[in-house]
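Multiple structures are listed underneath, in structure tokens.
Okay, so chain A shows up in both of these, paired with chain B first and chain C after.
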Partner chain A sequence: MEFVCNFPFFSIMVSMFSGVISSVLKGKKARNLGVAVNGIVIVLSAATLAYVMSTGESFVYTMGHYTAPWGNEIRVGVLEALTATFFSFVMLLSVLGGMKHLSRELEDRSLGMYFLFLNLMLGAILALIYTNDIFTAYVFIEINTIAACGLIMVRKTGPVYVAATRYMIMSLMGSGLFLIGVCILYTVTGHLLMPNIQESVKMLMLRGEYHIPLLMVIILITAGLAIKSGLYPFHSWMPAAYGFSLPSSSAILSGLVSKSYIFLLIKIIYRVVGKDTILGSDIIKVLFAFSVFAIILGSVGAIREKDIRYMNAYSSVAQIGYVYMGIGLGSRAGMVAAMFHILVHAATKSLLFISAEGLSQASGHTYRIQELKGAGYRSRLAGIGFTVGAFSLVGIPLFGGFISKISFAVAATEDPRKVVLVFIVIAISTLLNAIYFVRTVIIIYTPAAASEKSRRVKLGAAGCTAITVFAAVNFILGLFSGPFIGAIKQGIAMFQ
Partner chain B sequence: MLEHFLENGEVVTSVILFGIGLAALLLHKNLIKKIIGLNIMDTAAYLFLAAQGYIEGRGAPIVTDGVTRMDAYINPIPSGLVLTGIVVSVSVTALMLALTVCLYQKYHSLNMDYIIMKMRKEEE
Partner chain C sequence: MSKIKKDYEHTFFGKLERWIAGENDVFYEDPEPMALEEREKKAGHNYLAYLEQIPDVGYSYEKAKAYHYIYRILTVLMGVFIVGTLLYVVYFLPPFGDADNPVNNEVSRRYIEKGMEETGAVNIVAGMILDYRAFDTFGESNVLFIAASAVLLLLKAGDGAKTAKSQKEIGMKEDVILQRVTFILSPMLFLFGIYVILNGHLSPGGGFSGGAIIGGSLILFRNSYGYEAIEQFFTEKTFQNCTLIALGFYCLAKSYSFFTGANHLNSHIPLGTPGDIFSAGLILPLNIAVGIVVACTMYSFYALFSKGGI
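Presenting the complex of A and B:
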């Protein structure tokens, strides 16, 4: 085995251990360690991606050299490596983007704790992406939940505690359902490793045994992960959790944490239950129906919001709906579109949360959209960043969001029963997105009173870099989407 | 039908307990009761696993008296899963309790509805 095959395991371990170490470090040291480890993880994941792309095959890494069915495994294909690289990259940029805010708002001690949660979360997200064992996935789901809760409650105010509690309650319900689903699946199939389970499930389906338990398993696992990723109607915790946390936390929670659960769901659909079994059950139609509601009602919620952070949070509800719509189409093309949208939304929503923070700083720390008048002039880069993010999610050509909307539309044409509905939903949602995003962009570029104009605010080097790179990523996803979509297709083909 | 239920008594019990726990976690207003619900829910899953992993007439999967025959012991994996799960649920419970303490210190109540109402009032 090549040395590079160790890299996924190393990256998980490095982030977990550095998390433990940062809890005893203070302020800047913890920050430097966290950023450095994140950088290392990006390099390791990129090397893994290059390796799997060059061999064109996925590989399985056995922990402690115990082979299946006893040992624990990591499996790496193109899709896993691409997602890991992209997610760790987005995480680094989100941290850099919110750095100024972090250092201002948290004392030395809390900063250490913040990076403890951050690194723990990075490790958990990587583990969820790579793992080949379904019970390991459950354990890391819980670690991810705990770390996410830590990121929310680090601010220590009343509303933040309320938001964290509500997040935990919903999240724990989701993981409870996932756990009982996994337990039933284990008792029915007798395995925990994904390929072995899939084999057993295929056999059981052929023989026509355990039909109802398997259906229950699919429902429980899908419902659990849907609740955790905040699919409508389980989104009630989202606005408060994203709205009250620090900008880096909101960016990471909305861009990465909820997506890691969706990634796990996609993996389970292909590698555990098997695509044909899922298609045979009606759960995919239910997901599709919920996603349609999520897209429309999320956007309506965003229009009604007067707080820019809440608006972004409700927009996440709609975007999660898009991802589930791709899954709900039930076709390969739909899944590719969903995966691409995961990448686009991770880059875009993080950009929006961080730029919104810049705009609010330039307007005397208010988050009310009406009071952000002229903020685009006072903090130019934040204004440009917000505009790029907004245009991307509205689906204007040149930006990443346009490509994902096109992909959803093209994927829908394969299914004559859903095509009309998908087209109508995309059209309505584009219109609704345009209403709230363009409205906000117009407000931030409406010249304010002369006295306001002098209050220029600097974002700091880290913030500027983050916004510039995020905006560039949006353009790259929009202009050169070919390689990304190619890699996703290759990755999904490797799943089967 | 009834025979079926009686035969799988543990499974039926654990599913009922899971439902009770889930309902308590979701519907109770009191935070401590919510946490109790969470624990009932998790414990139900462990009962399910432990019951399914048990084979009548076999011992715990620890080699005793030098007996190494496979059919003398039960499958150790479900027990291992239960142990892992217990660790997870303990840490989650600890976190929830810590959050509850924080909330109580801020709002002097354990009633989630009251806390949310008070928070909204303070915001205005």
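Presenting the complex of A and C:
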């Protein structure tokens, strides 16, 4: 085995270990360690991606001395490596973008704690991406949930507790459903490793045994992960959780945490239950129906909001809806579009949250959209960042969001029953997105009174880097989407 | 054209123009518009206080009250529905303890038949959780650690704030009966916990159960003698160092084991004779590490909830 095959395992262990060490470090040191480890993880994941792309085959890494049905395993294919690289990259940029805010608002001990949660979360997200074992997935879902809760409540003010409690209740409900699903699945198949479960499920489907428990497993696992990622009827925790937490937390929560659950769901669809079984059940239609509501009602919610962070949060509801619409199409092309949109949204929504923070700093720490008048002139980079992110999510050509909308539309043409609905939904949603995003962009570029113009605010080197790189990533996803879509296609092909 | 109209302000275009100009929000009327200066004055220019003023998303108290009964009824109905569905599914599951069940396959057969030989542990459960599936257990002990850290962050008073200094402040009394019983009981509990941990690979028990016993005896000790007594040997520093050493050791030891296993190298960890106290390779030290984490977590939960600090 090549040495590079160890890298996914190293990246998980390094981030978990640094999380443990952060508990005794002083704030600044923990922060530097966290950023350094995040950088190391990016390099390791990128090397893994290059290796997997060059060999064109996925590989399985045994966690210990025991092989498939007995011990734990992680599995690395192109899709896993790409997602891990991209997610760790977005996480580093989100942390850098909110760095000034973190240092200002958190006292020394809380800062150390923040990076403890962050590092453990990075390890958990990586483990969720790479795992080949459904129970390992559950364990790391737990870590992810508690870490996310910590990231929300680290600010320690009134509304944050409410938001964190709400998040905790909904998220634990999701974990509980997932766990019950895993239990039933183990009872009827006798395995916990994904390939073995898939084999057993195929056998059971052939013989027609345990039909109802299997259906229930699909429902429970899908519902659990949908609640945790905030699909429309279960989105009520999202606005407060994203709206009141620190900008880095909002960026990471909406960009990465909910996406890691969706990635796990995609993995379960292909590698645990099997695509044919999922298509045979009606759950995919339910997901499609929910996603349509999510896209429309999330955008309507965003239009009603006056707080820029809440607007971003409701826009996340709509974008999560897009991802589930891709899954709900039930075709390979739909899944590719969903996966590409996961990447686009991770990069874009983090950019929006961080730029919104820059704009609000330039307007006397207000978050009300109406009071951000002229903020684009006072904090130029944040204004540009917000505009880029907004245009990307509206779906204007040259930006990443355009490519994902085109991919959804093209994927829908394969299914004559859904194509009209998908086209109408995309059209309406683009219009609604344009209403609230373009309106905000117009407001931040409306010149304010001359006295306020002079209040220029600097973002700091880290913040500037983050916004610039995020904006660049948006353009790269929009202009050179070919390699990304190619890699996603290759990765999904490896799943089967 | 329409600008000539008298009630232009109230026409659709008038509203649209004002809305684009950002003057007011047509789609959502503010129930009580408050000027920026007024709000800043109320918040005393304090950023954090200002944050707290932003109303929570969702509904007002009156509205929530009106929906209260509907929520209750719906909750019960939902609960009954979910319970009913799950029970219905249980009806289709294989019967409990049947030899032909899907769970009785090659996986459990190898655990039972070869477990002792391969892991060196007489207690097969210890062999399963700390050797066959050690990665899960690593995650599980990290769950405990991160949960304790989250509670520490949530409940620990700030750096400057003072915590309760004496037992009386948190409403505890000196209880002679309790103290005498604890005096006899707690050393035995400690010893029993240590026994359960050290014999985890030989008999039922292990890090999780032994750690819980030790944590329980720490809580009992603290309840009867107060935390001046317990701070003689257990402070927040101890908690941090113990969890750091235990989890750090677990991480490094298991990383070594995973690395050698995946790369098909010999790990050079002797398995010893099954049944001896020093046997089963890494399982004994890992049990100790898990035990320390569990004991510290249990005690710290109690301490944080009772006085806001360890």
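What we mean here is this: the second predicted complex is superposed on the first by the 496 of 496 C-alpha atoms of A that agree within 3 Å, B and C clash if a C-alpha of one lies under 4 Å from a C-alpha of the other, contacts with A are read in each partner's own complex, and residues count from 1 in each chain.
In this text, a residue touches a chain if its C-beta (ideal position, glycine included) is under 8 Å from a C-beta of that chain, and two chains touch if they have at least 3 such contacts.
Since we're looking at a predicted model, the values are computed, not measured.
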- request: Would you check which partner chain A:Glu107 touches, where first means chain B only, second means chain C only, and both and neither mean what they say?
  value: second
Message: Quick one: is A:Met173 in contact with chain B, with chain C, with both, or with neither? Answer first, second, both or neither.
response: first
Task: State whether chain B or chain C is in contact with more residues of chain A in the superposed arrangement.
output: C
Message: On the A-aligned overlay, A:Thr165 touches which partner chain: chain B = first, chain C = second, or both, or neither?
response: first
Message: Which partner chains sit in contact with A:Ile442 here, chain B, chain C, both or neither? Use first/second/both/neither.
response: second
Query: Who does A:Phe117 touch here: chain B (first), chain C (second), both, or neither?
result: second
Message: Tell me the contact category for A:Ala434 with respect to chain B and chain C: first, second, both or neither.
response: neither
Task: Name the contact category of A:Ser23: first (chain B only), second (chain C only), both, or neither.
output: second
Message: Going by the contact rule set out at the top, does A:Leu126 touch chain B (first), chain C (second), both, or neither?
response: neither
Message: With both complexes overlaid on chain A, does A:Val154 touch chain B (first), chain C (second), both or neither?
response: second
Field: chain B/chain C common contact set on chain A
entry: 135, 139, 142, 146, 149, 153, 158-159, 162, 180, 184, 186-187
Task: Name, in rising order, each residue of chain C that touches chain A in their complex.
output: 19-25, 27-28, 30, 36, 40, 47-48, 50-52, 54, 56-58, 85-86, 88-89, 92-94, 101-108, 110-111, 118, 131-136, 138-140, 142-143, 145-147, 149-150, 152-154, 156, 158-159, 240-241, 243-244, 247-248, 251-252, 255, 257-264, 267
Touching residues on chain A, where the partner in the complex is chain C: 1, 5-6, 9, 13, 16-17, 19-21, 23-24, 61-66, 69-72, 107-110, 113, 116-117, 120, 123-124, 127, 133, 135-136, 139-140, 142-143, 146-147, 149-150, 153-154, 157-159, 162, 180, 184, 186-191, 200, 210, 212-213, 216, 236, 239-240, 243-244, 303-307, 310, 364-367, 369-371, 373, 439, 442-443, 446
Task: Write out the stretch or stretches of chain B touching chain A in their complex.
output: 18, 21-22, 25-26, 31, 34, 38, 41-42, 44-45, 48-49, 52, 77-78, 81, 84-85, 88, 91-92, 95-96, 99-100, 102-103, 106-107, 112, 115-116, 119, 122-123
Message: So in the complex, the part of chain A that touches chain B is made up of which residues?
response: 135, 138-139, 142, 145-146, 149, 153, 156, 158-159, 161-162, 164-165, 168-169, 172-173, 176-177, 179-180, 183-184, 186-187, 192
